[in-house]
Amino acid sequence: MSVLRDIGARDAAIQLRGVGKTFGSNTVLKGVDLDIERSERVCVIGPSGSGKSTLLRCMVFLETYDEGEIYVEGRLLGYSISDGTRKKDSEVQTANVRRNVGMVFQQFNLWPHMTALGNVIAALRIVKGMTRAEAEKIGREALETVGLAHKADAYPDRLSGGQQQRVAIARALAMNPSILLFDEPTSALDPELVGEVLEVMRQLASQGMTMVVVTHEMGFAAEVADRVIFMDGGSIVEAGPPQRLFSKPESPRLAQFLDTWKSRNASGSVSEITG
Amino acid sequence: DLLDDIKKKGEIVVATEARFQPFEYVEDGKIVGYGPEMMKLVFDKYLPGVKVKQLDLPFQGILPGLSAKKYDVVITAVTITKARAEKYTFTTPIAEATTGLLKKTGDDSIKTPADIAGKPVGSQTGAAQLQVLKEFNAKLEKEGGKGVSEIKEYVGFDEAYADLAAGRIKAVAQSGANVAPLVKSKPETFEYMKETIGPKTYFGWAARKEDDSASLIALLNKGILELKKAGTMSELQTKWIGFTYDMPDDIGEPTM
Amino acid sequence: MLDFTAVIAQLPRMAAGAQTTIWISAAALLCGAALGLVMCAARLSRNIFLRALAAVFVSMFRGLPLLVVLLILFYVPPNFGVETTPLTAALLGLTLNTAGYQTEIYRAGFLTVPPGHAEAARMLGFSRLQIARHIFLPQIFRVTIPALTNEAVDVVKSSGLLSIIAVTELLRISQQIVSSTYRPLETYLVCGLFYFLMSTAVSSFGRFLERRLTPKPA
Amino acid sequence: MIDFTAIAEYAPAIGRGLLVTIEICAVSLVLGLLLGLGVALLARLPWLPLRWLIRSYIELWRGTPLLLQLFILYYGGPTFGFLPTSYQAGVLGMSLYTAAYLAEIFRAGFEAVPPGQVEAARMLGFTKLKIVRHIELPQMLRLVVPPTTNQMISIIKESAVLSVITVPELTLTTTRIVSETFVVVEPYLLLGLAYWSVTAMVAFGSRQIERRLVRA
Amino acid sequence: MSVLRDIGARDAAIQLRGVGKTFGSNTVLKGVDLDIERSERVCVIGPSGSGKSTLLRCMVFLETYDEGEIYVEGRLLGYSISDGTRKKDSEVQTANVRRNVGMVFQQFNLWPHMTALGNVIAALRIVKGMTRAEAEKIGREALETVGLAHKADAYPDRLSGGQQQRVAIARALAMNPSILLFDEPTSALDPELVGEVLEVMRQLASQGMTMVVVTHEMGFAAEVADRVIFMDGGSIVEAGPPQRLFSKPESPRLAQFLDTWKSRNASGSVSEITG
């Protein structure tokens, strides 16, 4: 069985098999099964506390999972199995398994003591051991991609939230990942600054990057996602292409979730007035 | 007049450094010793009903504090020196203060006081014994060409004794009366040398030099001399120090 | 090598000394709190003279060793005709010293309260005094507990210096015991234990208060 | 009324005392910094007995007066055959004392680095050691400048108690002058002024450093 | 002239005449003229830094204004004029002039050491000197109005952002104001929680409360406002009923502002998909 899975897994970017996670007595993930194909764009939506972030964090073992298996590019993440029992991997082993996965956080998590470029090239220099020149070349390209080449020497606290988040994306890109995870990348931004970050993400999507995005931006999900996943209470309640999911929700919980969202955003919306 | 004021207030404030066995020290929370007992006898007789407020102070501040009028009189064994006598009035002597050396029992490298040359020695900051030690050292340097290696100054004599026991210094300059109880309780550690190193000096109590204090000093002198005549002083010396001294009534000009 | 018998016999006296330490520290802390709050108000006031006064006060008492403050308070005023008993000098010295620190603690506390809280109150018609009393003070108290606890421990510890000006607190009594027992190590170890117990009690109480006053996150 | 001529001849002695104070504080502070940083780093190892040991050290040293610690070191050490000079005991005592405080400051500094920044580094393949070296340490060092300078000032002040173990520093020198001249007011006022100017200078210097760090 | 204004002012809720404000060398308000009529609902929109907050804060003298006059219910705010020169009023005098004006802040500014009810009744007790019973009666009614009667005893940190903002509204309401100012009351809220606050505001509007609302919620502005004011660079660039303003902006700056907004919110919006 495990052999079969392993073979199957080789084709998928990330595979989750019955993943469960409990904080104390609070079961946050309940046997989640999910396959993320290569070059697939998946958006995860759901009410607050439904386990979206936890799911994403488990996918890179920033959070350990208690049950099930997670395969990243075909390799079991975070654990090794010997003699039928499983043992937690060392940090170094885990890092190796997820080396092609990048992550962008809600709070950007830029390092304040380095410039934008410094943030982007730190891992190239320190982890990959590149020379400054090599690293800077890649770093400047990455900043170019997010449209911030001119801000290379600015420290994070001199950048707007949107710019900071774009630097964070560049930082992930510089490591040349094949899979990018985003956890509410625009939630901490002023409304005016959301657009510029979504624009960068749209561009990445169009270039075929495998992406998993936890988001509240329904418009973005509708436009970009191949598949939208609706989570509630630690389980995937419904999944499918955005057109189907948004227009014909099957589960009442999703229907209600969409209603709440619409009643706020649609009523008296400018497009209706100007339309 | 100070004495009148004291009588009027019904209270006399005296300063003591209660870390100076056997003259003044604390036992079971009370300041006891040769000095306090003698003081009590004098006060009971000549200042009946007057409350005694006794402050326990570090020695360095005790004479300046007297100038600053922090208290009426210093009832603690103060060596009478020229410099002090210029600024303060002393009572008739209460005991001999001549300085000698305390060394470690069985330390054969010091047989006479002159043997401290080249060795670290110590005494208390601001004490007359320290002054004696420094003068003795100057004499050594002048005569033998070689003085002690270091003179360490301590805030209290207890620390100096502790350092002698620890071996950091080889001798402590101190008056015989003071070390008597120490040597008695720890003969295996401390030994006092017979030969002294300074001129004959005496302990007295001190008051301010102003006329204001004259009547108080006179009263104290009267009390002390009476005790001496009656033999009580000798009894007290035997009781607290372990031996008696031949004491002049008036020392005249201090020897140092 | 270590022999505690002589010291154990003196435990009651050390306990009495610890009692003195405790009450002097407590009194100084309370007086220091009152003075510190006044100074803090001066530091935050709009009057430049008051601000400068408070700044000098803080700089002075945070910049001077307590030992030196005590020496000055004990020996200097009588030369100008002002009487100070050892106890008043001790209390005054400790109070001034801790007030210097508490001023800064309260000021830092003030700065943690978002200015919006005061604006909301102003909009509802609160006077400056009412804002200080009802909006700032309760919040400052809560956020300053850890710093105040540290300060209380510091005061307990530094009260040992009162031995220098004839206050027979714990350390002075320990020195007296050393004089009669010639057992410095044992005596000071026991003395240290007393201080450690007092400090631990103070900081535990501080942590308890902190826990009581900080609502647990949901 | 105040007349400094009486103690004028002691000016060189006061200067020497001040130098001793500054020297011993500087040495202790440097040693305390290194030791404190080491302790704070060790405390991050996931080894429980070590953490308890470090905890007890910090609590014990912060919970007792420096004066007492110096007494124990200097006068108690010989009981165990440890015979430091007063200068050695002073430096050792002050370093251990400073380190206990600084270790706490550094620990708080480490904790102030948002965990998200560490996670971001983990996601990029940083090892634990590299995270400490490149992410946590630089930020922590910047955060701890203000509390560390406060500690510096407090050490200078606390050094006054070195007088009790016969270190000929400023306070002991002044006390000696008082007992030799019977003059109280001027020496003690001068003593206060000396400490205040030294600490005020350190405070001023540290504010400049802070300002520069903030600007960077 | 001043007499004329004074008479005219008596009818308006708030009148601004040539109000100017400078921070250092940065002129933030440039001669703003504005009349807020009684029972009028005015929404203020505009890009970040255009001076919206400063305008609102000047209206209650939380910020002093350097030029012009502001009249609240006919009375000059913040200054007294004697012998032709004007002198700043005391805090007490100012408080008296604006006593019928309430304000709701972006950051709620609830006092964390008091319960919800405690926050609402604090001013009644401390400023108005009511007995606890009187104050609590009014306080509970105010909480009822915002739908939070059941949270009376909760401390702010136990409330969601939306609930906190509703308590803040109740706190202002308890003082029985005739004018309410809101500075981006929903900007600090999670998207799910915006609706509940807007609902309360809608209800207040329908009851005839005079309201000035700085907001990014165009839908709300379109639905509720009698008049929308577009600010840019410290001046009122355009003002008018929302229908007109949103569909036919006259100034290019407003047109551009609306475009940016639409491109983010309209593209792939759920209403289009589900529509």
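In this document, chain identifiers A, B, C, D and E correspond to the written order of the chains, with residue numbering beginning at 1 in each.
Throughout what follows, contacts are C-beta pairs under 8 Å (C-beta built on N, C-alpha and C of every residue); 3 or more make two chains touch, one makes a residue touch a chain.
A quick map from chain label to UniProt name: A, E = Amino acid ABC transporter ATP-binding protein; C, D = Amino acid ABC transporter permease.
Because the structure is a prediction, the values reported are computed rather than measured.
Undergrad: Looking at the contacts, which chains touch chain A and chain E alike?
TA: Intersection of chain A and chain E contact lists gives nothing.
Undergrad: Distance from the CA centroid of chain C to that of chain E, rounded to the nearest Å?
TA: 46
Undergrad: So what's the Cα centroid distance for chain C and chain D, whole Å?
TA: 20
Undergrad: Rounded to the nearest whole Å, what is the centre-to-centre distance of chain D and chain E, using the mean of the C-alpha atoms as each centre?
TA: Comparing mean C-alpha positions, chain E is 53 Å from chain D.
Undergrad: In angstrom, rounded to a whole number, how far apart do the mean CA points of chain B and chain E lie?
TA: Comparing mean C-alpha positions, chain E is 82 Å from chain B.
Undergrad: Going by the touch rule set out above, which residues of chain E reach two or more other chains?
TA: none
Undergrad: Send over the residues of chain C in touch with two or more other chains.
TA: 71, 75, 79, 184
Undergrad: Residues touching two or more other chains, restricted to chain B: which are they?
TA: 61, 64-65, 68, 162
Undergrad: Hey, which chains are touching each other here?
TA: The set of touching chain pairs is A-D, A-E, B-C, B-D, C-D, C-E.
Undergrad: How about chain C: which of its residues touch chain E in the complex?
TA: Where chain C meets chain E, its residues are 114, 116-117, 119-128, 130, 134-135, 138-139, 142, 215, 217-218.
Undergrad: If we count contacts the way the header does, which residues on chain B are in touch with chain C in the complex?
TA: Residue list for chain B touching chain C: 18-19, 21, 25-29, 55-58, 61, 64-65, 68-70, 156, 158, 161-162, 182, 185-186.
Undergrad: In the complex of these two chains, what residues of chain B are touching chain D?
TA: Those in contact with chain D are residues 59-61, 63-65, 67-68, 84, 87, 122, 125-126, 152-155, 159, 162-163, 165-168.
Undergrad: For chain D, which residues are in contact with chain B within the complex?
TA: 75, 77-78, 83, 85-86, 163-166, 168, 172, 175-176, 178-180, 182-184
Undergrad: Give the list of chain C residues in touch with chain D in this complex.
TA: Residues 1-2, 59-60, 62-69, 71-72, 75-76, 79-80, 153, 157-158, 160-161, 171, 184-185, 188-189, 191-192, 195-196, 199-200, 203.
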